[in-house]
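For reference, the structures are reproduced in the following blocks.
Each of the next two complexes has chain A plus one other chain: chain B in the first, chain C in the second.
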Partner chain A sequence: MDSSVHTSLLERIGDVVLPGDLLFSFSPPEAGDANPKADRLICGPGLRRSGAEIRVCRAGVLKHKQPNMYWVNCQQRRYVPAKGESVIGIVTAKSGDVFKVDVGGSEQASLSYLAFEGATKRNRPNVQVGDLVFGQFTIANKDMEPELVCIDSCGRANGMGVFGGDGLLFKVSLGLVRRLLAPQSDLVSDLEKMFPCEMVVGMNGRVWVKARTVQHTLILSNLLEACENMSTAQRHTLFRRVADGGI
Partner chain B sequence: MAGLELLSDQGYRLDGRKATELRKVQARMSVFAQADGSAYLEQGNTKALAVVYGPHEIRGSRSKSLHDRAIINCQYSMATFSTAERKRRPHGDRKSSEMSLHLKQTFEAAVLTELYPRSQIDIYVKILQADGGNYSACVNAATLALVDAGIPMRDYVCACSAGFVEDTPLADLCHAEESGGGTALALALLPRSGNIALLQMDARLHQDHLDTLMEAAMTACKEFSKVLDSVVRQHLEEVSDLTRD
Partner chain C sequence: MANDGGAKLSKNLLRMKFMQRGLDAEVKKQLDEEEKRIISDEHWFLDLPELKAKENHIIEERSFVPCEDLVYGRMSFKGFNPDVEKLMLLMNAPREEEDEEEEDESMNKMETDITDEEMAKRYQSLVESMRKKFAKKRDRSAVSNKEDVNCNVTDDIRPKRAFMKPQD
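For the complex of A and B:
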């Protein structure tokens, strides 16, 4: 990829891009090029290649990650399964040796009864229709049915599996989920200071919360839903009022 | 009594616009919290509300699903209070079914359905107040709703109506101009590529005039795309300002 093209792309980082926008056109690598793979560009969500052009297909803010990954950050509510992502699902049916799990995507995911820690043909996991499961995708391909597992690569549960005897499950936007799962999330630390709680956040926009009392659980869920359209300053003001007992 | 003079000697229309001048467009995105995407659009006195759900599992029979792409399901309806005379059937009549089909064909040209096989995308559009250009208002509102839902598209779809009065092409017709008995053309355009998603014409028109009429409609569509651009940009800037921690 030409360095001038790369520079022009970097200038657009943080800009709002719209469907149909042409990000750039590139020429095929010449025969004399030493290593064409070194300049390879990775198109993330919201970008697509058509011929020799990279075009935008979703409205949002153009983002970049070193060295050469680009994507469009957009506020989306509907989840599209992706391999390796951890999600909260609801068991909807049991058909043979697999459970059907609703993850909020375009089709239900399958979860094998052997995909739990310590599960064998004799020792089956206790999973009922309606249970909440926290798992991750091993297969998430647009042409195949998504597959969930509740164990990591070592065969350990590692926090996954059936959960949620009490607590409250609700849905938020995928943008808010990404903010909650950020490594140093101000939002989560502010909430934990006010009400100590258990929280399970799925990349599919589902959040499960359990605090000491039902009242605290409901307050937490309302606060999280309110945070979706608030600036940092507005959020701090709201949290201060809640902490002072003003609401 | 003589009929309404649709175009004055000075070149002004009934509502004071020039021949190629568009009505004032106002739009808002994310008007419903529960839907995946929603938009409200006013095009003069025509007001449309669009809501998008999906991509989601196919409702009802699984046999309807397509293995290689998503199904786009459109439903057009008019509020009972949208016209001067109360509508008996808000949707389900022949005209609404035809409009739903046109919307489906239009958005199949723009949405990247191949990214979501065995899925369904629902687009519901309601006309709250009708004053001509219903199809174009629906398309423009639904485009904003699809953008709000984050559904990948090749390009915007912008639509506009155009008519022909006294050898003059008129863009963005109001109700009086549409019901005047002349030619009415509806055009849906993918503005960046210049591809036509849908072209529909009522009444007869001489072949010599078709190019000028289409040119007027395409120019109007490109103007609409600038308006929609600014609406989306403004909305995204507001959202990104709020979510910037």
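For the complex of A and C:
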């Protein structure tokens, strides 16, 4: 794979692409290439490989990250579970040793009681039906139901597990979630200046907020929902009004 | 005769659960690796000349997390929840370190090492345990009684030996 492949792809970075668009087709490199790893190409969400071709399967803006990662930035509300993503789930059922957790996907995720920090047969976590859990997917493919855990690979919780109480959970689109979680996010830095609050953002579009008073909590949730369709200037104006106590 | 042979603990005692807790992490890793080796030895492999040298050139990734380098999902602002703010610093710090220069990385590594005081304490406890390990049964009581001063211990041992000889 020559650099011409990346060149042809880089020309279209930032363009709007439609499903069915053919990005490129490549011929296998000749044997004895010096650097095989640099020739590798990673297709992110929205792109799909079809034989030797890469095609777009979602409408959106083509994005690129050095050195070899491409994906399509699209807007949607339905969440598709993917491995390694942190989500907010709602416990819906408890059957024996496994909890059923609603994550907003096509199927409910399963969460074992041993997937909490310090949980053993004798020491069971206190999880009730209706609780909110913040966990991470370890198994999420199209062939079987997804599986959540609330510990990392070293066995520590790092903030995952059952949380909540006196907060507000609401749903936003997946695009807004990615804007909130992007490093150096303008939205988060603006929120940071308003008043003390706590926030849990799940990759499945669920956001949980908590502030000192109910009024502050409601203001925060309304701001987050409204920010999705605002320009930067409009957002700053609204935030200034909120800071002045105009709302 | 019996005194010299009885230096080690019995196997049944060592196998008890509270003794297992004291095993070093390295010993545990070795045990795990041995188990894995036994399992992997039973597997078969195929030599396919056509496919052996080939690799995947296009990899499909279904998650946005590696694409956009997303930060941790729990946030807290202005000291609302101090635990979460510690978590934010902990979980989001590695990316900041990558941005820094290599010199800063080496400095960070230096900072995370054990301080001199901790090193001295651990070394002291190590010395004591080694002394106890190699002390014979006859000398153990003397060592335990007079741990503070080393000179006295050495002085006391010699007269005892000298005193025993004339009686024999």
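FYI, the second predicted complex is superposed on the first by the 238 of 247 C-alpha atoms of A that agree within 3 Å, B and C clash if a C-alpha of one lies under 4 Å from a C-alpha of the other, contacts with A are read in each partner's own complex, and residues count from 1 in each chain.
We adopt the following convention: a contact is a pair of C-beta atoms (placed from the backbone, for glycine too) under 8 Å apart; a residue touches a chain by one contact, two chains touch by 3 or more.
The shown structure was predicted, so the numbers you read here are calculated from the model rather than taken from an experiment.
When both complexes are superposed on chain A, chain B and chain C fit side by side without a clash. When the two complexes are overlaid on their common chain A, residue A:G159 makes contact with chain C while staying clear of chain B. When chain B and chain C are set side by side, the one touching more residues of chain A is C. In the superposed model, A:D186 lies in contact with chain B only, and not with chain C. Contact with both chain B and chain C is seen for A:R48 once the two complexes are overlaid on the shared chain. Of the two partner chains, neither chain B nor chain C is touched by A:N222.
Of the two partner chains, neither chain B nor chain C is touched by A:T92. Residue contacts after overlaying the shared chain place A:T120 against neither chain B nor chain C. In the superposed model, A:T237 lies in contact with neither chain B nor chain C.
Contacts of A:G84 after superposition on the shared chain: chain C is touched, whereas chain B is not. Superposition on the common chain places the nearest Cα atoms of chain B and chain C 11 Å from each other. Residues 48, 80, 182, 185 of chain A lie in contact with chain B in one complex and with chain C in the other.
Contacts from chain C toward chain A in the complex involve residues 53, 55-81, 83-84, 87, 90-92, 95. The part of chain A that touches chain B in the complex is made up of residues 16, 18-22, 46, 48, 55, 57-61, 73-78, 80, 106-108, 142-143, 175-176, 179, 182, 185-187, 229-232.
Residues 35-37, 54-57, 70, 112, 115-120, 147, 149-156, 190-193, 229, 232-233, 236-237, 239-245 of chain B touch chain A in their complex. Residue ranges on chain A touching chain C, taken from their complex, read 1, 26, 28-29, 31, 36, 39-45, 47-49, 54, 63, 65, 69, 71, 80, 82-86, 134, 158-159, 178, 181-183, 185, 188, 191-192, 194-203, 210-212.
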